[in-house]
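Take this structure, written in structure tokens, and hold onto it; I'll ask about it next.
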Amino acid sequence: MSEEVPPPESLTFERKHKSWRQMLEPVTEKDFKHGYYHFWALKKHIEPLDIPFAREIDPMQRDWELPPNWKEIFLQNFEDTLRKNRAFKVFMDICVRCGACADKCHYYLGTGDPKNMPVARAEIIRSIYRRYFTKAGRIFGELAGARDLTEDVIKEMYYYFYQCSLCRRCSNFCPYGIDTADIVWWGRRLLNSIGVTHRFSHISIEASARTGNHLGLYPLGIAEALESVAEDVYDVTGVVVDVPVNKKGAEILFVAPSADYFATPHWFACMSYLMLFHEIGLDYTWSTYASEGGNFGTFQAYELAQKLNHKVYEEAKHLGVKWIIGGECGHMWRDKHQFMDTMSGPADFLEDPVSPITGTYFENAADTKMVHICEFVADLIRHNKIKLDKSRNDHWKVTFHDSCNPSRGVGLLEEPRFVIKSCCNYFYEMPEHTIRDKTYCCGSGGGLLTEEIMELRMRGGMPRAMAAKFVHEKYGVNMMANICAIDKAAFPALMEYWKLPVEICGIDELLGNALIMKGEKERETDLRGTPYRRED
Amino acid sequence: MINPFLEIVVPYAAFAIFIVGVLYRFVSWANSAVPLKIPTTSGQAGTLPFIKRSFYDRIDSPYNKWEVALRMLAEVFLFRSLFKNTRYYQSRHEHRDTRWLWGFAILFHWSFLIVLIRHLRFFIEPVPEPFIYVTELIALKIWVPTIYITGITSLIGLGYLFLRRLFSGNERTISLPSDYLALILLISVVVTGLVMRYIYKIPLAPVKELALSLIVFQPVAVDVHWLFILHLTLVSITIAYFPFSKMMHAGGVLFSPTRNMPNDNRKRRHVNPLNPPYHGITREEYNEMYKDQLEEIAERDYNFRPEV
Amino acid sequence: MAELYFEKIKGDSKGYYALIIFLSLVTAWGFYGFWVMFTQGHETTGMTNQVIWGIPIVNVVYLIGASAGSLIVSALSGVFGKEEYKVFSRMAALMAALMIMGALLDIFLDLGKIEHGLNTTLYFNTTSIFSWNAFLYTSYFIISVIYLIAMFERKDKLVKGLAFLAVGWAVLVHSGTGGIIGFIYSMELWHSPLTAPLFIISAIASGIGLFIPTLVLTFKFTNKPLDENLIKSLAKIMGAMIIVLLYMFCVEIFTRGYVPANLEMLRMQLFDLNTPFPVAFWVLQITIGMLIPLAMLIFPPTFRSVTWISIAGLLHATGVWFERYILVLPGLAYPKEVFPPGYVMEHTPPFEYAAVYVPAWPEIALNIGTFALIFLLFIIGLKVFELLPKTELLEEVSE
Amino acid sequence: MYSTKWVILLIIAFLGICFSPLIYNVSAPGFELEMPELDEPEGDHCIEDADWMEPNHMDLLLEMRTQTIRDPGGRFYESKTYPGEVYEGTTYQCFECHTSKTDFCDTCHEYNGVSPYCWHCHNTPEVLEEYNR
Amino acid sequence: MISRRRFLIIAGSATGAVLLGSSQLEKALASARSESSDPSKPLWGMIVDVDQCTECMNQLVAETGNPDPKPECALACDRENNVPEFREKKWDPQWFKMLKVRSNLEGSEYLWVPLLCNHCRHAPCAQVCPTKATFVREDGIIMIDYHRCIGCRYCMIACPYNARNFNFKEPLDGLTEINPETDRRGHGVVEKCHFCVHRVDRAVKEGVNPTPACVEACQKEAEKRGFEKSALIFGNINDPNSEIGKIIRTSKAKQLRPSLGTEPKVYYVNL
């Protein structure tokens, strides 16, 4: 990776200021930069997903082999989208180009490319809207900011819609609440309709549609992966924990992103789920059919999102559980919070989410019946149902990275902080404008967690890295907690690239470290094997 | 100068276009479905009782419709989101609050609103005494040849909005001719108004007579000054342009799903009227596909215990 | 020195909101007082055709002084190179801007025809010190605001330049304000070349005096560690200024008193117990306002404690308010000697010896409301702007 | 149409605001489209051309007032429309022809929603009548 | 240590300020010296014969039994200029005050001395007015532009003669009769005697000698009481042949508070 991406010292962030006419000229494959554009989707991935016109090309080639009537299809779908989505239609109409969103986008800050301003990103498609769906655009053309739909425009859309991580930071600052992420999301769906799409997320969507998880693991593979997580738990704590899988009649279904039992540092968070559930004696089960909380469909299209999140409810019905707990994941929680109930609900076959340990009724999840692990844990801690030894995390000076989706899509800000403060002695916030609702993206969300755009990811992660650098230099922070699987995957590379000795963890890992279990041996290392210093 | 066309036909046409256009816009927006409840949550959501939510959290992440109403009011009248604006200093990788845009935007919008309200004196008869008193008070009447501050401040606000489009690099890049057009129209309306008020004074009684006759639909072509006809024509152009331009953001903000919906997604289900049916592998198909493996899991009694 | 970062306060505690509400109510009361004055005329005040300026003007003079004091604290780092004072610079600059704003507001709301008030900007009378002051005050306010913005934007060189400019301007503003009193040759008790320097000295002293308790309380309520040595050296500056002040009072009174014609008016100001002036002068200004604070600064046990220093500062700030009172009012209360020496005028009211002036409630409301407004905006400012130094690092070290 | 209830509410509010002047005018007692006739002044003509006076009288008053106060000879204003005719620069000069403030000044000012405050200090026939009975 | 460069900057700006200030001063001095004494350019002034006033007032006191009566001249002023009268003396605006003065020696007799605006040549009020609402007219009358006055009351403080009054309340409340020819004032502005400027202007236009209301009343009163001459004389100081011009040129007339250098145009004889 590193040999492809220029080192951080050599990056420049010069902002180019084009004229409005230049902005209307599409960026085509001639200007595509290596490290910025995505690989093309493979037939085998998108054909099972009913995405039409599957073909395998190189985006750098001149001819994109668009279907002959692509324009009609695109405009037809455009009109359909306007009818189906009020947000999209309103956002097409009401932008005043005040520029409040411009320097809110981490990709704009990282690349200086004016088309990466959220407003300009939306203008890419808005110019088409004006040309074909408004009178002013039809009559005045370029003067009204309208332009014809050409193959070049499609190329530009492909290039820039896949340079957005759907983090919604711009939406937070827009005086009209224009959500560029929403525009890009529906824009990607439009591109899908003419077979223009990228490779990365479709691999996972296809796998998840088939096997239930993004990694394409088969049921036994999942169970055995979880078993080895339990082995690691034994190694550290000396406690043998059970891992219920597909257990019918359990009270609670637990859904986590599949990376949790596959990748590090997700793994350590998974260990502490097992430890926690064992410790409080929760009657729960993992599932192999709904083995994935994450939903890469939410990066692509409504239908694909629905395809993936439907399984959670179907599995809950099948296993006859009462309600559901979801693990740490960012876009998963946007999906579970804002999408799943609408797309696949209602979940009236489940019971009210009441914590069997504390008796707390999770009123805010009354209809979806799905509770975030942080809410669940915060409730346990609040009622003193688990014993915690904060000093076991003393070797970590922790900061918390609000992942975009839980903060701007769910509003989950205080619970994670409550959990961290209960588990750690040293907790420091990053600068005010980079946390909570103003949090920065890791630079790799929204389907961008792919190797070929490493430079874009490193540049886009720059603001977050700088915030981390600030607390690292000021307080000696060496651990960045978060509640997002993509963050956990993206940050180690980002921190390495920006030369920050900051480790990444899920906040449940901190919980697992601090959790005092019945019958545990004296721990010599924390969950990730870092030995505790002996004071001899 | 009597000109029935400019005095009667143009204003009526413009007003009709304005009303019909705005209603058309409202209805066309309303004709689109709202597939998802997607509020931007800029604060702590409603959650467990011991998690404190401050007043700002209630505005920024509303949990019920009252809090949504509060959020919309703050958004419409105080430009709440714009108030949170920050600036990124690339050289130091540092953020600061920046409220210039907010300040001048709010200066313009409020001043202009007050100017509009004060214009009511031309459209109503008899003008109630308290109305004059109150509007003069809020319009900040000062000096002995009276000057209403709001007229001046709305021009200052517009001037700032215009100049930033010219001189700020980001702004120049994203500004379209239509952005300038809207500003130029408003500026010319304000300038002609100010000229008539302070520099080249024109008889008022015919103006009021014309305005009244228009508003009660008994149009009379009155002999008014050409400056006023210019003002009236510019206003007509502006309001006729209104529904088809970005100025429609005034109504659009009310339709913005990221702001006008409560963040109670998991508490109350949002129904998508056009929700497509599920296409994909059902649990039964899945059972078929991975029969062997699932059976093995069943054999282990659905419980995996590490061997130690 | 490592770069200093500043932060806002969270400001969502109950106490904060209670304070906001309390100060807003007081401000509203002050505004009501103004409204009564505005709609019913100055008959609602205690002023007369003889004592034509009352405590609102005393307040104006006081606030301008305090503003300069604050600004000088703020500029200590920029102008005098005392980097350690940078922690206060933003707060102090905001305080300075707010106080000059309060002064402008007071002077404006005390006008008889407020709706004509902006005429001062249209017509400029070069021979009028008041006209110059209208220009100086507004420009001073603008300079301190720009200075503040420059600090927010971290334009260090600009900040330094502006600090020089602002301090220079503060001296000008004070000389100007001194001129308002000192230039008036129709009244012996006002006409004095010493007024301008005396003004600057007491401005520094009272500005620091008022700023110390504000600072100590702000740091206390925001749980920030405060370097006591900084407060102590500020207090030392204040002490030195008090000594200079006492000296200048002596010079002024003796110079005046040497003229036989002035003896009677000095007797009224200093010894006539039928007037409020001797008490205001000897007890409130000299003893409580100067001598006791000075003693507290000299006496080691009290000098060691920041609380006592704050009290000393507060006492001195109060004392200087009465100094302004003595500066403005006795001159007005002593009738002008219109006829040649040797004549006695049978004084008809209100042109009489020791003319009575008892402030009425609208004036008092206006005064108190102004202070409430200043502190209201100050605590709102703490929430909105990055004013307070980030000091967790210090905590870390002390652990 | 979706969320019909809210949209209809919005449309009603919008139309209500747009047509509020009409609604007020229709419902207000004493609505008159044209300005009521002004009191016929005595004398042949105004200081300057009457048509010019209508929009510009305040400027003339302002100019006359400045001259009257500031110029030793400025109290007397020579008409530009009618050369040779000299008028004294007091507001009371106006009332020699326009014998009523209520029927002349106020009629027009009220119609146009203007409230000058000359009469807080300057005398009007009405005040004189009240005080000099 | 102050650097050389900084020193130069400071020194430069200080010199500039001094130069600017001195040129202003010179201009002011020049204007003070070049006072015109062209008879055709009138400079209005007044002479008060204190003996006559005392005589008249003593008679008036004897007639009315009121120790502090308001003489005809003051009443005429009130009527002419719509000066209100209020019961609370501290707010009562008096343009023309009749004051009781005596020598400070035991047993001296009282004099009655009228005090009105002294119309100084170098008027402190005009000097300090921040808006030039108070100014010295070419013919020497100190005028107040009430439309411009902001009510700051600094002029009252600067006036050495207590000649100015502030409108603490609405004058209409204290009026019983209104002279249509002059304005009233609103509350919140400062007012004072202006030598009945409307009479002066009219007289100048007609080419006759102006008489302010008080002077006219004084003449009538003198006639009534059978005095040889009236106590108040108004006229053009620049004209050596006018009555006032002659008296002033006898050098017997005194100004009040001459040490201030305000040079009033109201002169007192027999004071």
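In order of appearance the chains are A, B, C, D and E, and numbering begins at 1 in each one.
Just so we're on the same page, contacts are C-beta pairs under 8 Å (C-beta built on N, C-alpha and C of every residue); 3 or more make two chains touch, one makes a residue touch a chain.
Values in this document were obtained by computation on a predicted structure and should not be read as measured data.
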If you check the contacts of subunit B and subunit D, which chains show up for both?
none
So, comparing each chain's Cα centre against the centre of all protein Cα atoms, which one is closest?
B
If you average the CA coordinates per chain, which chain's centre is most distant from that of subunit C?
A
Interchain centroid distance [CA atoms averaged], subunit B/subunit C, Å
44
Where the centres are mean C-alpha positions, what is the separation of subunit C from subunit E, in Å?
36
Between subunit A and subunit B, what distance separates the C-alpha centroids? Give it in angstrom.
31
Just how far, in Å, is the C-alpha centre of subunit E from the one of subunit A?
85
Subunit C: which residues touch two or more other chains?
116-117, 119, 122
On subunit D, where are the residues touching two or more other chains?
2
What parts of subunit B, by residue number, touch at least two of the other chains?
30-34, 96, 144
Would you tell me which residues of subunit D are touching subunit E in their complex?
65-66, 68-73, 75-76, 88, 90-92, 95, 120-123, 127-128, 131-132
Seen from subunit B, its contact residues with subunit D in the complex are 18-19, 22-23, 26-27, 30-34, 120-127, 131-133, 136, 145-146, 201-205, 208-209, 212-213, 215-218, 220, 225, 251, 254, 273
Interface with subunit B, subunit D side, in the complex: residues 1-4, 7, 10-11, 14-15, 18, 21-22, 24-26, 28, 30-35, 51, 54-56, 58-59, 62, 108, 110-116
Can you name the residues of subunit B that touch subunit C in the complex?
54-56, 92, 96-97, 141-144
Contacting residues of subunit B [partner subunit A, same complex]:
25, 28-38, 40-48, 50-52, 57, 60-61, 63, 75, 79, 81-82, 84-88, 90, 93-96, 101, 105, 164, 168-179, 244-246, 248-249, 252-253, 255-259, 263-272, 274-276, 278-283, 286, 290, 293-294, 296-298, 300, 302-308
